[in-house]
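Before anything else, here is the set of structures, which you'll find just below.
Shared between the two complexes below is chain A, which has chain B as its partner in the first and chain C in the second.
And then the complex of A and B:
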């Protein structure tokens, strides 16, 4: 009888220790996760709360951070300064066109490099890659002159045309296509599939993670573009929303509420796209991971 | 030299080369035919105004268009920062799409003169007997003077640095805001007293570029650039950053930043002004343009003249702001004349009074004070202090400020070095190093500009 009595506390301790350690670990983990969520979400909260709070309240420290004086006044005033609706639509057109063309051209070029067996593709690929090393600033004036000679200054095509081909997109698609077995393609072609059918039905489903990644990167870059759209457009109605909101802020006399209203309107679409695409992105990465 | 600085310098140099190389081959930037323009003239106008100033400028352009209905229409558009506009202007020269009227900031004056693509304003004013040559404060005409003594461009938005004092914090330190410090040494001493008595920062200053250091040199009667601030026959070749006066005031500032008396706002002017407006800083050295944000009530602060760093007779305060340039090559005589009428409208006393009262810039037309709007604007004693400072600044070479096309690039070098000084680096060695780097940058620009 004595042994179990003596052993019991020790056994209990043995059982309790891992449980306590585990609980502590969980507590730290959750505390860290909560802190991370606050760090990530606070700027977003500040943008959206600030967009709906008068500037006078935003200047009052902690009180300005609480959503107690909500109004649409900042948004209304922002739309009075610049044609935000039109510029928003322009941004959508530019982003959609640039992304669609960049992905289409990326897939086509990578397909040609990998499957068409052309001579000199390796050298061509190296030339393509080397274009990634050229700083954007050095091509700026040359691109401007080209667009100007085509009489496209102050038009929407001028904003996205120089970016419809991207060496990075071609590189990423090429790397994804290289892992596709050549025999499968031969079999598909023997079965009567054409190039487009093969790309659509066999290649792209396998390269889905790359497709989604390139689309997201391309769309985000197109949406966030500032300097080039500023350079090639003049009329407020032909400008993108990023250029438009730049006029809302000033170095020494910023109306913080109006600036945040503009920032919120620019951030919202990207936020929605990332939240929606995240599911596909995660699904795409894990697709085919198990054999 | 950082990659970014190198890239910017390379772009500037390439821009100058391109501008000079393409002189005379540019086409018209406007729709109207130079030779047959008999109908209404449409002018393209590029500007860089943001926030409330952009709203006011749009209203003024609309007013001009209504006034000149059927004759002149100004099509104005925002072009980003001044640096963005400079890049776009360089590209537009090569493609023959320059605007009829271009707004450029003070420090781009050298670049614009070197571009040789604009018509000096004096070539229009000389032929216009109604134009009042003496309608500008002396320091304003001195700043934008061309080689012949006339104006190179129409000064539009004019600012100057001033000293802002928080009345409440100053009073808590036992000091009298209505008897403000007049020298930098006094400002430093007040800053220490305010910090000791209240725990708030004693002072802060605009550090987004080297403007304040240039002002401190000018307020001691010293040239920032040699020879002669670029105002003589020869081009600027070097900066002057290590004179005993300069080393002394930078050393004093270093002490204030090192012991926590002064707030270093980095490059964020808006945060600096916000810190002052919320009572966290006793004194602030920055532009007159910050007034409405720094003190929305117009009663919490006292605005005082910019402090001096020595009692030299030619000491003064360099202006900031911008001017309007009229394009030459590729623009018809009718377009140029219409552009002149537009810039003259923006210089008129009524417009300058409205512009100053809406934005915080100072009126560049001395007659603005006599208008109804101008007298209302001047009823605020703080505004009167600012206007008096502008009117009374002697037009010396020191107060006219440095003029070199390399200035936008050089400013980054100077403020980078001053940032190191604030962190505790040796003043003389650091600024001497900056002098040497700046000389290389200026030399590269001068070579490119020919």
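And then the complex of A and C:
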């Protein structure tokens, strides 16, 4: 770099200007981002702040947004108006069963597709994938009739049974398994490991990020379900908590704090899970989205 | 021959391994069938059979108890398409899809593009701006219902505080549709930002650097380099957004119940009303609408596969 002595003034000018411009640009970006956070996160803030604030204070509008009268009364009231505790337990049972089965069925199906040398694997895989093109809202009526003919209406199995297998889970596990070196698998089987042993001690440890993502995505979907649980349950004590809070909202519309307490209780578990395992959730969703 | 996808990969490897593979192939297949059976059983019972059944039901009349009552051919379809209200519902559903897709892409880009700049504290902004992801449709809907309620709602109390007139957000034909759109867009924003962050993050930095060296400003770089590179993701977001909007239910049920005067009734809500609405058990009509919905979703999926297949390999 011999030139700088000659060009120094010009270069300095050129260098300094981008520096100031970028500080201005940074300030603008921060302002923009803060504005975006306020707009995007406001409903989330409102849910949690409102859950812990007396309705009388919330009803004052803008002042109600200041968290200065915090109380747990709304939460207590919400559990008294509807059997929220029972519905919470129902949702946990549904989420746990649906996720466990989706993961188990997903792993076994993907394993069969990748490692078992079945005839027409590709066709089988396409049939499984094609189920993704059938919207649940189309099959709803027929599924309702099926569940009703099995006398399962108003039971918890009715809520999760139609969703215990998911093409997306199978797809994601298959993608993860495909990258497993075939030699290692053959070596394991030659050394006397059974299929189960191989899956448990070699395949799953390697496919662990996929396992975690699929679990998170399945669990979130199961926890958040609304339409189908609304159809197949009738009695308040058999509802899931998502349906419960909707009913709470229509029955107690005037009591904003109580309604928001319900919404907060439904949201909190997912929020915690996402905060703890955010990168896996992102991985799962984007993997599913962009193959 | 059983040329599975991985078997094809194996062919390259030493013959010793192929021999070994052959020796447990039989047992493997049996295990494979057993392991695949549960998935196929579930899909058969809860996806493929009901799809057939809905198509069959759509050509059946329905008695007053909601039971199928004899073949009527295309009569249900003729009935729904001849109903002027259904035409309105179709148009409304289309408008809803377009508004949701446009809203989600425009807002998603406005939020995500600043997030791609390297700045102090960016991880916090990213986490905050994807956080609506955690709110379920029903929780979002009850929160917005509280905010938009005509009496004690937050929005109206702020408007009246500043001297404005309260707006019937959910109870007037004028505003209800827009309110449902806003709630739907907000609900999908976290997911959209997450996807876009992934897409922008995957852009090859050298390409952007090269554009800078060639004298392209940030706007030009964004318009001519970054946006074209994330087009496949934008397209994916558009298609999934359209499907999501087509199948929207929770927010409509909770916020407006399809009203006022049908102003927020979309295809899926029509299915619900026809089959399970008060005093109505018309499974034939509901099934016919379900078939229409299936055709629309199928068309969207096929477009998506067709286009993505092409774009992915560019």
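As a working rule, the second predicted complex is superposed on the first by the 225 of 291 C-alpha atoms of A that agree within 3 Å, B and C clash if a C-alpha of one lies under 4 Å from a C-alpha of the other, contacts with A are read in each partner's own complex, and residues count from 1 in each chain.
Methods note: contacts are C-beta pairs under 8 Å (C-beta built on N, C-alpha and C of every residue); 3 or more make two chains touch, one makes a residue touch a chain.
Nothing here was measured: the structure is a model prediction, and the numbers come from that model.
Novice: Return the chain, chain B or chain C, that is in touch with more residues of chain A.
Specialist: Partner touching more chain A residues in the overlay: C.
Novice: Which partner does A:236 reach: the first (chain B), the second (chain C), both, or neither?
Specialist: A:236 contacts chain B only, not chain C.
Novice: Have a look at where A:248 lands relative to chain B and chain C in the superposition and call it first, second, both or neither.
Specialist: In the superposition, A:248 touches chain B and chain C alike.
Novice: For A:145, select first, second, both or neither according to whether it touches chain B, chain C, the two together, or no partner.
Specialist: Touch status of A:145: both partners.
Novice: Would you check which partner chain A:159 touches, where first means chain B only, second means chain C only, and both and neither mean what they say?
Specialist: So A:159 meets neither chain B nor chain C here.
Novice: Applying the document's definition of touch, where does A:219 land relative to chain B and chain C: first, second, both, or neither?
Specialist: Neither partner.
Novice: For A:207 in the superposed arrangement: first (chain B), second (chain C), both or neither?
Specialist: A:207: touches no partner chain.
Novice: After lining up the shared chain so the two structures overlap, which partner does A:81 touch, if you call chain B first and chain C second: first, second, both or neither?
Specialist: first
Novice: Does the superposition put A:103 against chain B (first), chain C (second), both, or neither?
Specialist: In the superposition, A:103 touches no partner, neither chain B nor chain C.
Novice: Tell me which partner A:137 touches in the superposition: chain B (first), chain C (second), both or neither.
Specialist: It touches chain B and chain C both.
Novice: Using the superposition on A, tell me which residues of chain A are in contact with chain B and, in the other complex, with chain C.
Specialist: 59, 61, 135, 137, 140-141, 144-145, 227, 230-231, 243, 246, 248-250, 253-254
Novice: What does chain A use to touch chain C in their complex?
Specialist: Checking each residue of chain A against chain C gives 26, 29-30, 32-33, 36-37, 40-41, 43-44, 46-47, 50, 58-62, 64-65, 105-106, 108-109, 111-119, 121-122, 124, 127-128, 131-146, 161-165, 167, 170, 178, 182-183, 186, 189-190, 195, 223-224, 226-227, 230-231, 242-243, 245-246, 248-250, 253-254, 256, 259-260, 262-263, 266-267, 270-271, 274-275, 278, 281-282, 285-286, 289-291.
Novice: Mind pulling up the chain C residues that touch chain A in the complex?
Specialist: Residue positions touching the partner: 2, 4-7, 9-10, 13, 17, 20-21, 24-25, 28-29, 31-36, 38-40, 42-43, 45-51, 53-54, 57, 110-111, 114-115, 117, 119, 125, 127-147, 149, 151-152, 154, 157-158, 161, 186, 189-191, 194-195, 198-199, 232-233, 236, 240, 243, 246-247, 249-250, 253-254, 268, 271-272, 275-276, 283, 286-287, 290-291, 293-294, 297-298, 301, 308, 312.
Novice: In their complex, what parts of chain B are in touch with chain A?
Specialist: Listed in rising order, the residues are 7, 11, 14, 18, 44, 46, 49-55, 75, 77-80, 84, 87-88, 90-91, 94-97, 208, 269-270, 273-274, 277-278, 286-287, 289-290, 292-293, 359-360.
Novice: How about chain A: which of its residues touch chain B in the complex?
Specialist: The touching residues are 59, 61, 81, 135, 137, 140-141, 144-145, 148-149, 153, 227, 230-231, 234-236, 243, 246-255.
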